[in-house]
Structures are given as structure tokens and as C-alpha cells.
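Here's a structure for you.
So that you can tell them apart, the chains are marked A, B, C, D, E, F, G and H in the order they are listed, and the count of residues begins at 1 in each.
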Amino acid sequence: MQREVVFTGIGGQGVQLAARTLAEAAMADRRRVQLFASYGGMMRGGNSDSFLVISDGPITAPPVVGSAWAAAILHHEHAGELWPKLGAESIAAVNSSVVDPARCPVEPGFDLVEIPALDIATELGSPVAASLVLVGALVARTNLVSADALLDSAASVLPSYRASAAAANRAALQAGLDLGEVTHPAWDLVAT
Amino acid sequence: MQREVVFTGIGGQGVQLAARTLAEAAMADRRRVQLFASYGGMMRGGNSDSFLVISDGPITAPPVVGSAWAAAILHHEHAGELWPKLGAESIAAVNSSVVDPARCPVEPGFDLVEIPALDIATELGSPVAASLVLVGALVARTNLVSADALLDSAASVLPSYRASAAAANRAALQAGLDLGEVTHPAWDLVAT
Amino acid sequence: MSTRLVEGSEVVADAMVRAGCRFFAGYPMTPFTEVLEHMAELLPPVGGVCVNAESELEAVGMVWGAAAAGSRAATGSTGQGLSLMQESIAEATLAGIGFVVVNMARGQGDYFQSTRGGGHGDYRTPVLAPSGPSEVIDVMAEAFDLAERWRNPVVVVGDYYLAHTWVDVDILDSDPVVPPAPEWALDGSSGGSGAAKLLSFLGTSKQRDGVGYDLAAHYEHCAQRRNEMAAGIAPRVELLHTDDADVVLVAYGTMARYAGAAVEILRSEGHRVGMIRPITLWPFPADAVREATRCAQTIAVYENNAGQMIDDVRLAVLGNCPVVGINGFATDSSAFGIAPDVTVEQLTSTMRELLDTLETEASVP
Amino acid sequence: MSTRLVEGSEVVADAMVRAGCRFFAGYPMTPFTEVLEHMAELLPPVGGVCVNAESELEAVGMVWGAAAAGSRAATGSTGQGLSLMQESIAEATLAGIGFVVVNMARGQGDYFQSTRGGGHGDYRTPVLAPSGPSEVIDVMAEAFDLAERWRNPVVVVGDYYLAHTWVDVDILDSDPVVPPAPEWALDGSSGGSGAAKLLSFLGTSKQRDGVGYDLAAHYEHCAQRRNEMAAGIAPRVELLHTDDADVVLVAYGTMARYAGAAVEILRSEGHRVGMIRPITLWPFPADAVREATRCAQTIAVYENNAGQMIDDVRLAVLGNCPVVGINGFATDSSAFGIAPDVTVEQLTSTMRELLDTLETEASVP
Amino acid sequence: MSRREDTREVAANEATEPIAVRGTVVIDTEACKGCDLCIDACKPGVLSMTTDRTNTRGYRFPELLVGCTGCRACADVCPDFCFQVYRFDQPKTWTLEGGLR
Amino acid sequence: MSRREDTREVAANEATEPIAVRGTVVIDTEACKGCDLCIDACKPGVLSMTTDRTNTRGYRFPELLVGCTGCRACADVCPDFCFQVYRFDQPKTWTLEGGLR
Amino acid sequence: MSEPRSIPVTVLASDVAPTDASLVADFTPSLVDVGEHHLCPGCGEPIAIRAVMDAITLHGLADKCVAVFGIGCSTAFSNNLDVEVLQALHGRAPSVATGVVRMRPELAVFTIQGDGDLGNEGLQEVLHAAARGENIVCIMLNNGVFGETGGHLTVTTTIGQRTKNTLDGRDEKQHGHPMRIAELIAQIDGVGYVARGAVNDAGNVARTKRMIVDAFTAQQQGLGLSFVEILTMCPTGWFVPTDEAPDYLAETIAGTHSVGVLRSSLP
Amino acid sequence: MSEPRSIPVTVLASDVAPTDASLVADFTPSLVDVGEHHLCPGCGEPIAIRAVMDAITLHGLADKCVAVFGIGCSTAFSNNLDVEVLQALHGRAPSVATGVVRMRPELAVFTIQGDGDLGNEGLQEVLHAAARGENIVCIMLNNGVFGETGGHLTVTTTIGQRTKNTLDGRDEKQHGHPMRIAELIAQIDGVGYVARGAVNDAGNVARTKRMIVDAFTAQQQGLGLSFVEILTMCPTGWFVPTDEAPDYLAETIAGTHSVGVLRSSLP
């Protein structure tokens, strides 16, 4: 069984960190992962997308997946290409603090969940962790990974020189996890 | 009608100057010329060859001629490739002050004229002009170009910063011209 | 936990270190930057050296020196940087200095540069193209072996996808045996012996042996070595459902992963399609392509460029089978060759159109 | 006297000046050095500028600037130097900056580099190859026209033979009309207007127009321009006795002069041989080659290299006619690509052998 | 361009003495990336970063307190060109009671 | 390597006084390219270029006159490595009549 | 003067420009088309570019100049200015500028490069251009890192400076010594004016602006190549908070690269 | 000691080595395989190379060194020495030497380049290597011309010097200013020893030899990059008679490029 999660945002929003956090958590859950990170070579601005595949077995999918089971939309700017990848089964968590509703599909055809991730993160005193709030919320509804694994990966994913951010990031994940109930279980069985 | 003259020597012997002097003289005689100069990129040593075509009409020959009517051999080092180009009608003037007889064909099958060009040039106080003595001697036997044209080209062929050598070069050409009689007339009619 | 989430570029770096690479020099350029960063981390612990060269020209010069001193050495870059290295790569073939060049390209626009030699003269470099992180370890080991065996630069072609695809890998105790320095390598010790070594693109004949440089002989020798190399390297390919394929897709590197996925979809729809993936781009597996397409009605070449490998495919089959190109992609706005229209869906539907045309043609009496 | 004995490299320089070239920069390397020297003499009197650049990289950079400022500009080099310029040549195609690059090569080993683009990416440059000094004036005029027309670098391929062949030329009053700067060129004056010009390989769209760089659009545009260029340049060839030829020799540049001489000898011996000389190496005159060899039994490609143009010939005829290469020459000890076995005699006898084989084959029932 | 901060009164400096005000600034809070450079650059110290609010992109931004001299230091050091600086034709005075006159 | 100059006596300096001779040189005249650098380098001035003879390649070459000090300056400056310099174990003296002793 | 483009935040709640005041600094700097850009928070490069543009305006050269850009973060401004811009490849700007100025000597041709562009990839270009006496102005934005590619050390990184490669600070034993580019160039015969400024505080910004103005004066007087190095903050590459970056510059960088005029042929 | 290889010309008609004397200088310099070479009459480069080889011998480094050659006339010696030689491309020797010394730090790695090779094509290579503190010795043979390609001006050509491009002497207005390479390098933090010698007379040859010896001492002590620039005659490129070249060097070149030790970290 395989689940594809796509992420999109603009540079600086923490898209890649969020995707890696989820990937590490999936690995802790003993699943295989493949994650393609696409962002500009420039430090600043530009798109930031991520294509994560989590699977029970070996992964052969090409880096950019054709269809996705879930999406985390941090910003609308480059989301246009991702919407079509989502199908009837799919769930999309949208950073409603920022995303322009006019740039979202009118009749999504999938489950679109609005999460005011930036507002929540700002309240937590860590606006840069908005992407983690969103991931937390996505996990809350899907059990894509176990909550513990997710929270633990907050620290393991950070390079040494960023270690100080771990606590805030964990808090943001937790805030997201607190946002709801499982509506779209990702796996038949919850991983052990 | 077309006459090919090949030159060979080692860098520093004045091969190219000699070939250009002859070419300029031929032009003064109202003939068409093509001259391919082959020498190393280094200032020093290495081969120095020249392939001159003098013709009554337009020239289509490739740069390196296949057969030659005359040759000026300043040094034996790189002469090996030139000998086969000479045929029964050919004449080769050899700088006998330097050229090792053992490196010349045993039975040439063409007319081989020995000219102690370096000795003569040294006597004239201008050893570097040996190549011009040789060319003078070749012209003396062939009338490839008119004597006047040859002597005049001594000056015209020199770049401005070498102009001071013109007199000595002219003397060397003259010394060569003095060395013999026409034995191999190059042209049916002497150019005007 | 015995697995780690690792970026493709780290896999590339790790593969080099495992292959015995002990010297690396490079200059940042996305997506090569990440490989350089990982080499800087991985080499010192194993006694290797990674230099942040001040430019690509300096990087390749350093690698030239390290390789001449007998080390397995590598450099690399992307696009512009690779172009700057062409002089050195070309001349290294004449100097008999082998090293590995990692071209973390943007897209596949450098196929000609890699396979025909972007520099001057008649040289060639072996070119290997892994399709993803999992193949990198093997390919890199082969690259260093070829570089040493043929004393010739070897190009490993990656792309942005390879660099930026993170995978879970098992952490191995990599304790590779670093091969000893070849006997022609310089270590200073032959000086004063009367037969001091010389390593030069002008040849190695010495004046004291009665000859100075004999360039003609040297170039003949190099030409011969190149021919032997061309004959001596067995081109590698991966074949997928080519046995009974009417239409064969040819693709290399990451593009082959899209092609493979498309082939599987089409097969599941009942179409007889197959795929050939050249792993060795030079020497090009012409025989394998010819063989695998003997019964094909059409060959489609899928490249993330304007059509370059298609020449090699055409030269392989020489008119025996029509060859069409699927290329000319848009490049994305990040300029990293991640064309948005490189997708399994797009390729699959293009292939469906192609198959339709063939069927229509076939059904016309 | 109205004629002068002029070195081929001076003819090349003179041709550039006549073609309106007013900026030249280069770094010495035999046999390009002589062209540079002559440009340094010829340009100042006509108000042009010749800079002795400190390296090839700087030379091509200067030419980039001069061309961007609207001048007809050129550079060049040989071998190693050309390789160093590949980055700039490749990117100039994206910047829409046209200039002429004179490759005074050693031999013909750079065919692939010139025709496939030795740099990175999917670009091409028009490539012209005169066969000797007499053709240079025309070819050079065309080169500058193409560079300006397509805003793309154009390569003119010469060799040691061309540089070092002296010919008698008529001294012309060269009073060429230097074309005005194209309207896209920079002259500083659009600044402060609200629409200041931008010339960049990243594109020319400006933020004030609502977009920053749109790289995807820019690369699409460049690809389109390249395709138009490929289609818009009529390849040029010279044909010799191809009408009824059983065997057709294909050769370019100086080699074609040997080939032509050999063909005449063989014709005089009664053999039905002909010659095709591509003058435009890119776009390659594939149609002309196909057309002219429709009735041929064999095509022989004569190149002063290990076999490069032969690919283009094969791609042109795609198996419709066997193609053999006559190449793999020794290079001479001066390393200038004046292979001693490049002679009319040698070629003629090789061709005789080829003809014999064909006849033998033909006579076998 | 999405949401913008609303115009609002900002609690004035805790000053009770009258304050000379020679200039004022208009701040493009939406362009701000919250780098704080203006805060240090402002000699009279009348710029202050929000602590409770961010702009659309999540950045805090500066607000102007009483006492601007119109020196343009903030504009000179701001990497995001967020300041328009004005100098009053006639210097004004601010008092707790009367505000700016 | 072709012809070499024969060994021969060279007219000595025009000296009539005895001259101290501490060293001597052997000259590879065939290797010489006639650049004259040794002539200026020789402090005692005992090297002199031929004017009437050249080596095979047409170059003039130096000859040693009486009075060499064995200082090796000639060898140090000669670009063609034409000199072998010796220093006598016991300095000698040259006289017009008796030659070198 | 452009329209106020956002809501002003003042004690007076004025959301329109005051009418009894004159504008002394506008949102969008002179000759900058659009002020918005993608450079990082706290980056010093936009400040430096504003200073360069101000100098052009002051000299009245807007329609008599060509800017040649290198490749680095500041390239973000290449499509953003209202002066003619010619984009050069990484490291090649001085040669490209040479080509322009040789064919259009009447123009004020200037380059903008980072320290990685100028000091690493193309160090010899500017040195050679200086020796040739090209009459151009070269600006180097020196933050001691390759900002654009992620903050790696460059040849100007000072001892102790943090970069992505030197998270514990550059150490000469391991990473070699910093080069002082302005000092190198000041030594070359043929240069007109050489100075080093900084943008870490308003005083330095003003001083740097004067240096740039002087550099263009030298160019206008035909005194040869003028060079202004400008120390800029790169909080991202240095791994320091944006508000600490100006002090970090003063303490860690300006000690090695000291601010001042190094050479001037101006009367 | 080799056999006398030619007919000696002395007042004593001795064609054999004297028996009552000791050899103090041999035909073929130490570590030079074959003395014969194709360099021009009066060229200073062989003299300089002899001095370098003497220094290697003196230090006893013959079997512990690698020479990295540039491309120029002196390349003629690359197949002529009895020390290990690695040929670099034009301009690239310092980087190549870096690769060698990083993998074999126990060796004395040194480069030999012309001024065109080092100062034109690859100027930044030596500057960067110096700043990195590579522990190598770099020798630059400076004749102010590209000898090999026909005597064109280089970046070191002095004002007034004749070259193929400047037959009337270099003129700063037209051809730019000369660069003083040793001075540039001396300024870089991390260099061990910098000096400029000359081979235009025996005194300078001896002095230069001492400089080279010191440079290798610095290398042996691990003091970083050492640089010795050696002024050499190129009568061919200067268009002066061979016997006038030494004075021409003293008068036209050494005024700008003055001989002496510029920097030394030696104790």
C-alpha cells in the first residue's frame, strides 16, 4: 500500500522541513519513503514543492508523482499544478491564514480542510513553524504516521545548527495534531 | 603551367623567409602563387617546411602539394617526406654545408645540386641568410623568377622591424644567383 | 534504527567515498552544491580531502593533480561549470589522467557534451547514467574503475531529480579498500634515478631516451587507447518488456523512471510497449538497441531536452525502424530542468496517441 | 602593383573587417595567433578596437559586451582556448547575443564541439567551413549576417592550412558599410525612461511589467528561436561530379581540396566518383547529401579526425547507402593537425582500393 | 497583495514631557520582512517592532512612536524599501494631552 | 650532431706580463648558440667570440684566452650549458714565453 | 514621488502622506522599478544597490550608463532597475564591461558583483581590467559568502566568520586566509579610485554613498578603473539573527576588511 | 661528472679535462637529463631552470619532489629533468600542484610557469593558492612576453618594453599598465616567502639561486606558499640582440620589477 503526499508553498515557508518531518516519522513507523524536493537555487522566494511517497513496500514511483492521496498547501502561488493530482479519495490541508480562497478549486472533488496554520503558529510565537501545524493537522485526520513518531521527528530532522528550533517545532506539530479527529485513515492498520 | 617548389629545414634557418622571397618575386613576375608554410608553434627548433606553387593561372592545388618540381633543402632532419615528391624532371638544391649526405637519397632520380649555402653566407657575414643563398642558386639554375624580381623581394618581404637585414639578404641572394647557369629552365618563356 | 533519510546528493557522495574516492574538489552550483557539501563532510573522517575550490577551473585542476598523484579523485558541477571544465577533461584524456566528473545537470541538455566530448579534439569519455539513488552505488564504483582502467575521465550524469530525491537507506559500515596508487602515478620518488617519471598530455617520452616529445607517436597511442576503450567497455542497458514490443521507448536517467511507469500502465491496458534504458551513454549500447527493436514498429525516444540521444538511436538502427522523439519540454521557472510536463500521465497519453496512429496506419489497407 | 602576398590568417582578419567587424579580442594560440595579430593591425585604422585579452575567458567576455553594445564583434582561438569559451558561447545563445567565433583549429577534431555545441544545454551555433582563403571573404560576411540575424554565436571553422596558406590577393579599397547597431542593443540611453533595456540570458522580462524573470517562457522562446534558426538557414554545399557518381566523397574545409584533387585524378582515370563539400556544417546539408547520393553505391567521408562528420552523413542517408570513413590520420609532430598522410596521393590510392573492392563485389555473381 | 494591517492608534511613548517631532514616516508593513535593521538605525529610537501582529507573510513589522526627526536613517538601511520619510515644513510638538501640533 | 670545431691554438691575449691562471674551462662549441652572454659575464674578460668561424648550426662561439679564474660565472649564465669549469688544485701562471705552468 | 503604497503606522494614525511635509526618502529608490524583491530579511545587498542608484541619479547618468551584473543574490535586481542592464556570466562582468566601454566610451559602465563572483570565480578579470585601465566602476558586494548557493565561504571570509562550511568560524589552518580584494586592487597601477564601505549602519551607508559618488566622478574624469567594495550583511549565510548581523559585520568582518578610502586619483 | 662532450677551445689546446684541477661546474646542470634544448639563443629561462634544479639538489629533494610545469617556452624542459614532472594546462599549475600536495603533503611540490601562463591565463590560480596557504613553491619566469607564441605583451610587460604588439614600447594609454606579480602575492596573508630575482648577470643568478633555496626552506618548514619571480631575457620577443638583452632587462624591466626579497616568514 502506498500513499502520496504533495506539499507546496513559497520559499521560506518551511515546506521542505515539513515534508522531511513527515518522511522521518514514516520511517520511524517502519515504512519506506521517497521524497522529491523541488525548490529554486536561490535562497529567496520562488516555489517550494515536495512529493512524498510513503509505502509498505519498495517504491518505484518516479520523483514527481502523478496522483496524490493527500496535499499540504502552504501557499496558493504554485498550487495550480497540484490540484489535478488529487482525486476523490484525497484530502488537502490548506493554510487558510494565507491561501487565497479564490485560488482554490471551486468544486474540489476532494476533501479540502482549512487550517489557519500561520495564525496558530504565530500565536505559538513561531510563525515559521506554520508548515508543521499544517502537517500536524493532516496527520490528525489521516494517521499517515503515528503521533509519537511525528513529534519525535521534530528534533531528528534538524541540522545541528538549527537544533534550538526543535521545541518550538514540536509544539507546532502538537498544535496541529490537536486540531481534529481521524476522518481519512491512511492505512488499513495503524503501524506499530 | 605550374611549378611546385618545396622547402625544408629546421626552425631558425630562414626557410619561411626564403620561400616568401621567392613567392614575392614570382608575383612581381606576374605569376599567381600559393604558399603553405608549416612550422611549429614554438619559437625554437622543430621542422620548418614550405610548399610553394607558382603558376601562370589560377591555382587549385591543395596546400601540401603531392609532387614537386624543385626543392630547397636547408637541413636533412625533416627532408625524408619531401624526397618522394621529386620526379625525374626535378631539381633539388641542397645546403651541403649542413646536410648529411647519408640522409640524402643514394640514387636521387632527380638533379641534386650541392650548394655550400651556410659557408657562403657565413663568409658574407650573415649566416642566417644561408637559405637565401640557396634560393638564389636555385633561381640561377631554373629562372623560376627573374633575377631582378628576386633581388627586389629581399627588401619587400621584410617586416618593418627587420628592415635592417634587407641589404645582407640581397647580397646573399646575389651570391646564390652568381653560383651557376640555367640548367633547368622553369618556364617556356621568361616572364617579362 | 538502521535506516536514514538521505538526500540523493548524499547518496552520490557516499557512493564516491565507497568507491575509494579520496580527493574531491568543486565549486557550488545547484544541484551540484549538495554533493560538494556532503563530500566535505564524508571525506575527512576517512582520511580524504575535499577542497572548496575557488572556481570550476581550479577544481578540475586540483583533481588533475590529485589523480596524477595516484588518488581516486573526482569533481563535478552543473551546466555552466561543466562547460568551463571541458578543456581539462579533453586534455586529461591525452595525459592519461583518469578521474570522475559528476554532472549534476539540469535536465538532459548536456547529452551531446557528455557523449561527444564538449572539449576540443577527438577524445571520448565513458558516460554512465543512473536512473535514481538506488543505482548510484554500483554506477559510481564502475565509474572509478573505468577511470582507473582506461586512464580517462569518466562522466556520471545525474540531474536535479537525482540530487533532490530523498530515500531511506540502510546505513552500511563502509570500510572500502582504497586501491593502491597505480604504478604510473607520481610520488616524487623516481627523481634523481635517471628515469624520473613524466606525466604530460604531450607524451611521456623523454629526451634522455633519445627522443624529445614524439607528438605523432603520442597521439597515435592516445587514439589507439580510445579505440580500445570504446571496444573494451561493455555497454549496459536495462530492458523492460521489449521481447514482443511493437513500440519501444528509449530513455535514460530519471526520465526512464517515468518511461517505465508509463510502460507498465500501457501494458496493463493491453498495449505491447517496452522500454530500453541505456545505462552506459558512451559507449552507446547500439547493439542492444538494434537487437531489442528488431521486431518493433516504432522507437520513441524520451529525453528531457530538444532531442540529442535520438541521434544515437538513429545511428544504431539506421533506418531499419522509424524513430520519433518525445522531447522539447518546457523547463520550469526554477531553471533546473524539472519540466512540469515530465509526468507519467503526459508521457502515457503521448504514447497512447502514438499507438493510435500506428493502429490507424496498420488498419488502413 | 595591385596584388599582395597575404597569409591566410590575414585574409581571415581582412574578411572580418570587411564584414563590418569592429571589435575583436583574443588570446594567442597557434594558428589563431596570426589572426589576432592581423586584427590588431587592421581594426584601429577603421575605428575598430582589438584587445589583447589576458585569457580566452576574458576575450569572449569582452566580445559579449561589445556585441551587446551593438557592434559586430568576434573572437576565436584554437583547441584548448575554444574549449574554455564553451560556457559563454552556450549562454550567449540564451542571451540573444550574436558574435563570430573563429576556430582556427588543429585538424578537424572539433567537428562535434562546433556542430553539437560543446557547452551545456540544448543550443546550436551555425557553423561555416571555408575550404581556403579564396572563400573566406564570402563565408565571413555570411557569418556576421547570421550572427546578427539570429542573435546567436556563429562558428567559422578554419585550420592550420587555412591560417598558413599565403596567397596573392588583390588589394581592395574595403570601405564596407558597417551596419547600424540593432535596436535591442545597449547604448545606455533607455535608462530613466521607465523601460530601460535588459539583456540577459535569464530573459528580458522586467518586474515593472508585472513579471520577474519568466524562465520557462524565456527558454521556450530560445528553443523556438533555435528551431527557426535551424529551419531558416539554407545549408550550403559544393558539388563536384556527383550526378553520375558511384562513389561520393564527402569532405569539408581544407580536406575538401585534397578530395577535389583526388576526384579529378580518379575521373581522369575513368572512375565515376564525385564529391560533396558541406560549407555549412550546421545546419548540416542533409537533404543535399541525400539527394546527391541517391544513386551512389558508397559514400566515403574524408575527415582529418577519427570520424565525426560521418555521423551527420549517416543520419542524412539513414542506411540507404553504405558510408565508410577515411580518417584516423596520424597527426604530425608539430601537433597542428597537419597530418603527413593527408595528401592527394594517399587519398587517391585509398579511393582506388575502395573502388576495387566495389568492383570485385559487383562482379561476384 | 493580500491583507494589510488596519490603521490604528499606537500607544504613545510613555513620555509626559512635550516631544519635538520634525518628521514622520509611512511604512509599507506588507513589504517588511521583519529584519529589525531600522530599529537599531533609528537614533531617537522611535521605531518599535510589533510583538503581537505579523503581516501576511508572517513577519513582524515596525511601528512609529512619537519623536521622528525625519533623518531618513530607517529608509537608508531598510533592505526592503519600506519607508517613506517626510520632514515637516514646520517642526511640530507632541504632548500627551494635545497630541501632535 | 655533425661537425665539430677542431682543436687549435688560439692567439693568446696581447699580454707580455705573466698572468695568473686559477682555472680553465672546456667549451661545448657545438652546443653554443652564439648569444654572447658568457662574454659579458666573464669578469677577467678571457672569453672571446669567434669572428671567422661558426659551428655547424652557423653560430659563432667563445674561445678562452689566458687568465681564467675558474669563477664559473660563464657556466652560470650560459643558457646552453656550454661550459665545464675547472679550478686548478694549484694556481698556475702563464707567460708569453713559457706558456702555462 | 509614488503613491503611499501601504497603511502607515504612526501615533497619529495617518494613512495618507502628510500635506505639511516634504518627502525626503521614498519607498522605491531612485531608478529602481519595483522595490519588492525576494532577497532575505536583513540582507545588506538591497541597501548597497540603493546607494549605487542614488549615486547614478546624483551624477545624472541614468540615461548614460550601463550596469553589468554578476551572478549572485544581487542578480535579483537585474530586472528591477531603470538603467540599462547587461547580465554577465558568473565571474565575467569586468570583461563584459570592457567590451561595452570600449565600443561606447562615452557611457558610465559599471559592474555589480558579489565577493564570490568577483573574488572567487573571476578574480583575475577585475585585476586585469584594472591594469588595462578600463574606465569603469566596479562594485563588489562583500558578505564573505556565496549567498545565492547557500552561504559557503568565499575568498573574503574573515578568520572566525561563520559560513555554511565554517559553522565554527573560518580557521586559517583548515580553510586558508581571507583575501583583501580592495587592497589588492589598490596596488595596481592604473586604478582611479579604490574604497571600502559598509551598509551595517546609517552612517556607513551615507559614507559608502559618498564613495560611490566619488568612484563615478573618477570614471567621469577618465581616471581608469574605480573600485568600491561594500560590506553587506548576509544573516542567512552567516547563521546569525538579522538584527545581530550589523554588529557581526562590524566585529567579525570589518576588522579584516576595514572601511575607508584606499586610493584616489581624484584632485 | 660527465665526459667532456666537445672540443675545448683554450689557449692550451686542451681537449681533455685537466687532471690537476677539480670540476666546479659541469656542462649539464644537476637533475637536467640532457642539456641540449631548442630555446632561443640568449634565452634566460634555461639559466633560471638550472638555478631551480641546483636548489633542489642543495636541499636533497630530488627524490622527494614533483615539478608542475606550465605551458610556455620553458615547457621544453618538462621532458628533460631528472625530477618527477607533471605537466599542467596553460595557467593551471598552482591548482594542479594543490591536488598533488594535498594528497602527498610530504613532497616538495613546485611549479614553473611563465608570466603569461601565471599572470595572464591563470592569475587567480596562484593568488587563490597563496591565500589557501598551499605549502608549495611557485616559480615564475618573467620575460614580459609570451615567448612561445611569438613575443606578445603580457600583464607584466613594463612601460617602454618592446614586444611583438608594442614594437615602439608599451605605452600605458594604449596598452595598459604592468602588473607587479610578486608585490601582489606578497600582500596575501598566508604566503611564506616572496622574492624577485633575475638572471641577467652572474651576480643576479647567484642571488636568485639563494632566493630559490630560501623558498624551498620555507616550503620545508611548512610556511605556506612561497613565490620566486625570476626576470629572464627573451631577446626574440623583445627584438633586441642577445648580447644587449641583459642590459635591456636591467634598464627596461628591473626598474618596474625590482629585484629583492619582498616578504619572508623565515626565522
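Heads up, the rule we're going with is that a contact is a pair of C-beta atoms (placed from the backbone, for glycine too) under 8 Å apart; a residue touches a chain by one contact, two chains touch by 3 or more.
Values in this document were obtained by computation on a predicted structure and should not be read as measured data.
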Subject >> Neighbouring chains common to chain E and chain H, by label >> reply: G
Original post:
When you check each chain against chain B and chain C, which touch both of them?
Top reply: D, H
**OP:** Look at all chain centres (mean of CA atoms) and spot the one farthest from the centre of chain D.
**Re:** E
**OP:** By the contact definition above, name the pair with the higher C-beta contact count: A-C or B-F.
**Re:** A-C
**OP:** Could you tell me the distance, in whole angstrom, between the mean C-alpha positions of chain B and chain D?
**Re:** 34
Subject >> Approximate Å spacing (C-alpha centroids) for the pair chain A, chain H >> reply: 63
Original post:
Rounded to the nearest whole Å, what is the centre-to-centre distance of chain C and chain D, using the mean of the C-alpha atoms as each centre?
Top reply: 29
Subject >> Intercentroid distance (Cα basis), chain G paired with chain C, Å >> reply: 39
Original post:
Listing for chain A: what residues touch at least two other chains?
Top reply: 41, 46
Subject >> Residue list for chain G, restricted to those that touch at least two other chains >> reply: 36-37, 39-40, 89, 120, 122-124, 128, 132, 149-150, 155
Original post:
By residue number and range, which residues of chain C touch two or more other chains?
Top reply: 29-30, 33, 54-55, 80, 87, 91, 202, 333-335, 340
Original post:
Which chain pairs here would you call touching?
Top reply: A-C, A-E, A-G, B-D, B-F, B-H, C-D, C-G, C-H, D-G, D-H, E-G, F-H, G-H
Original post:
If you look only at chain H, which of its residues touch chain B in the complex?
Top reply: 37-40, 73, 76, 147-151, 167, 236-237, 239
Subject >> chain D to chain H touching residues, read off their complex >> reply: 27-30, 33, 37, 40, 52, 54-56, 80
Original post:
For the complex, which residues does chain B have touching chain F?
Top reply: 12, 98, 100, 118, 121-122, 127-128, 130
**OP:** Sort out for me which residues of chain D touch chain G in the complex.
**Re:** 22-23, 25, 49, 51, 53-55, 57-71, 73, 87-88, 91, 95, 186-194, 196-208, 212-213
Original post:
Any idea which chain G residues touch chain D in the complex?
Top reply: 31, 33-34, 36, 61-66, 68-69, 75, 78-89, 92, 94-104, 107-108, 124-125, 128, 132
